[in-house]
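Below, chain A partners chain B and then partners chain C, in two separate complexes.
Up next, the complex of A and B:
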């Protein structure tokens, strides 16, 4: 075959592959939104879930997902920030750093179900938390830490060394340089990283089935005492999230309108995650413009 | 008195120094926490996972090669029926098939983004991969359950659940991982390689195939391994379309069960410390070990790539 001809065939094939992938994506998003959006109504978002009858909503699940997300970020962000600063500012190029990096890689490649089972074993059973939001948030932290650490480390690394040298030459200690100069400069990247991780945490279910549990007990949204068992803020109550709800409806649920509810809930999940992704970009570039002189 | 005071003050470390130590300590504690955590995960899963072999005296060979999975029952020799082979085969089956299907698409997309249409194509496909990454695995499972399973049932007969449906769901899920890592490795190929090849009169496809893809081979292999690791550990999406019958897969459309799907569906139904429960933890141990193996393979490929092209 002459080279020109094969060049054309190859280019055509690559175009074809790309078009197929784009079509798959459009089909996927289209299917979810097309089937799901008609099911979303004010009632759907604000009503309680029904186990045996049609017409249930997703109020508790949606709230649990958000609450769990906030708790997870509260626990994982400080740890990831410290670890990220260590890796980008303090770590010297030796075997200890190598071991630490390997550990983080291992953690990031562990299947989320294994992380969930570890959380189940340690927190739910050994520490006696039972199925609880706290156990779920800790399991999600494990799952979230490597990614968030890497994001923070990378955004710290993109700050030019000149900035560090400038800080040092002004006589600042290295900690002051980090907190006063490097962190603000890296802030846009860090914010983007956090929001992207938030999207991942929001849709995660495998790590939660055996940590946060699969039931959503009735809670009182006016009870602000986090120690009361019926309070919506109580971190020790079991909490089924939106993603777990979809899974449960489709595997063991007996709800008659499971398909409609899952479609609606999937659409809600996708929409929230899309908002996170777009928000990450917008907020990242907004803070970048605010913090630097670029237009 | 005054002199002493000055001396003491001069000898004392400054506020900035103390802050510096404080900050450094916090960072060390954080990184230490993560390291300890990984150690704990490895230790706990391993110690539970080997209980099948130490407490229940199941032979490792029997566990890995047996085809009957019924941990509560004893077989005719009085041994527990814990043959994990059907799940191991299914897990590897969906993983390898998904990687085989995803690779051409991923390489096609990566080549399109780096070689054919670096500006607009990259922008478009970048958002495509980001969207695919963003879709949660339960949503993939749900779409698989309501679209792919009925389609497979319609075309091939049977229930529609099985390795084929699992592959079709997984390949889309690992596509963004493989694509974005492949893009990175294609971008790392120096521009002057391409210029040299084009200057010799090679067509674009000849350049891509013989220069760019060849140089990027270690990177692309790494990308595929990462994709396989993701497919191997994926739980819910697969669980929803695989059928969850612990049977040796006889065809691509027969219901079967992967390691992850068995774990997610069963671990809540067993009591801690019993044979059934221990056997499930052993499955988790296999998952853990495979994830370590994938990591190791990535390292080996990375070293090979360095030796091949950098020395």
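Up next, the complex of A and C:
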């Protein structure tokens, strides 16, 4: 076979594989949107869920998902950032660092059910949190930390060493080099990490069933006191998220329109993740442009 | 003439491997000294001892005496950050920060706490002019430094080093990644600032060494073979190895 022919075959094969991936994605997303979007209405998004009768919405579940996402990121991002900076900039190359890396990898392959049960035993029971958003957020932190840490570490590592040398040789301390030069340069990669992490949080159900609970109590969206039991900001209240709601509707839903609600909720889930992705990317590239003066 | 940097019996080990076998070199104030030698002879390694950039490489040990204005560079009391402010460095690859041209140049000054806008503007203009790049960037000071060509980036880096007014500037093959025209501009810059700075330059380009330097040191396999006035060294070297290298017999 001549080189030209083998090149054509290779290109054709790769192209074919890409087409398969794209078709699967379009098929899945298309199916969810096609079935779900007709069920979405203003009423659907803003009404409470109904336990037995038709016509329920997903207001509380949608809010719970978003609130949980924010809480999880608030807890996990600073930890992951610190760990990522340590691993990429400060850790010396010895067995302790290798042990840390291996542990992070092992942790990242932990099934989410196990994380959920662990969170249930430790936070919900032992620490007496009860089923709460906070317990859910901490469990999801365990779940996300490995991925986010590795992603941040990798994006810091891809910043060329020349930049570190430039900073050091100019008389910057290593801390100043990291915060002033390396972090801004690694920003796009860090944003990608946050987006991946957010997608996992938003779509996670198994770990949350045992930690954040399966009930969405009635909350007051005008009560801004996070300590009040009826406030929507109270982190100690149980909170069924959208993904858990979808799971529940499909396993034990008794409302007559359970199927429509679950299709609509799935579509909302995908749309919100999409909006979050685009938003985070836009915000990230705006900050990056501001910091680095690139057009 | 007074020596700004004096080094005696400098040995450097990467783990078990000895890369420098006892180097004695002194550098005079406001002179340009060129370090030449074939690849792997230790000239860059030696240069990076002078601002302790080798500290960044794990398992590196430096022994011997290295003094900057009489103060021991490797003393535990030496503030490395402060040392590197006095001993600036220019690298082989242009490495501007991913910031605007303006921010690149004033980075060191801002760090020292200079906030006066007028003073910053002034330093930017002065140093960019010294680095022979002002005319090319004056209308785009707030564009990313990475948007410029390699030669322009290297001159922005020169300005960045000059802005903090170090006593000494180390240059590690600063023109080897550049085209001849950009190289010539960097050399012009060196000529313009030589009266105010002590410059130590590592170069592979022997014409460059002979054009710009006052003194030349020839290193081979981690040893200092010969150190003399550039003119003497290029016309009548004392050692056979030097003559062979300068005549292109090896390296």
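Rule of thumb we're sticking to: the second predicted complex is superposed on the first by the 249 of 295 C-alpha atoms of A that agree within 3 Å, B and C clash if a C-alpha of one lies under 4 Å from a C-alpha of the other, contacts with A are read in each partner's own complex, and residues count from 1 in each chain.
Please note the rule applied: a contact is a pair of C-beta atoms (placed from the backbone, for glycine too) under 8 Å apart; a residue touches a chain by one contact, two chains touch by 3 or more.
As the structure is a computational prediction, the values presented were derived from the model and not from experiment.
When the two complexes are overlaid, the chain among chain B and chain C that reaches more residues of chain A is B. In the superposition on chain A, A:185 makes contact with chain C only, while chain B stays out of contact range.
By the touch criterion defined above, A:168 lies against chain C but remains apart from chain B after alignment on the C-alpha atoms of chain A. Shared-chain residue A:291: touches chain C; no touch with chain B. Once the two complexes are laid over each other on the shared chain, residue contacts for A:176 go to chain B and to chain C alike. In the overlay built on the shared chain, the residue A:211 is in contact with neither chain B nor chain C.
In the overlay built on the shared chain, the residue A:93 is in contact with chain C alone; chain B does not reach it. When both complexes are overlaid on chain A, the residue A:7 reaches chain B alone and has no touch with chain C.
Overlap of the chain B and chain C interfaces on chain A: residues 172-173, 176. Residues of chain B that touch chain A in their complex: 16-17, 19-20, 22-24, 26-31, 33-35, 37-42, 44-45, 48, 104-105, 108-109, 111-112, 116, 121, 124-125, 128, 130-132, 134-139, 141-143, 145-147, 172, 175, 202-206, 208-209, 226, 229, 232-236, 239-240, 260, 263-265, 267-268, 272, 281, 284, 287-288, 291-292, 294-295. The touching residues of chain A, counted against chain C in their complex, run 92-93, 160, 162-173, 176, 180-181, 184-185, 291-295. Those residues of chain C that touch chain A in the complex are listed here as 51, 53, 56, 58, 81-85, 88-89, 91, 93, 95-100, 103, 107-108, 111, 142-147, 157, 160-161, 164. Partner chain B is touched in their complex by these residues of chain A: 3-4, 6-7, 10-11, 13-18, 20-22, 24-25, 28-29, 31-32, 78-83, 85-87, 89-90, 99-100, 102-107, 109-115, 117-118, 120-122, 125, 142, 145-146, 149, 172-176, 178-179, 199, 202-206, 209-210, 243-244, 246-247, 250-251, 259, 262-263, 266, 269-270, 273-274, 276-277.
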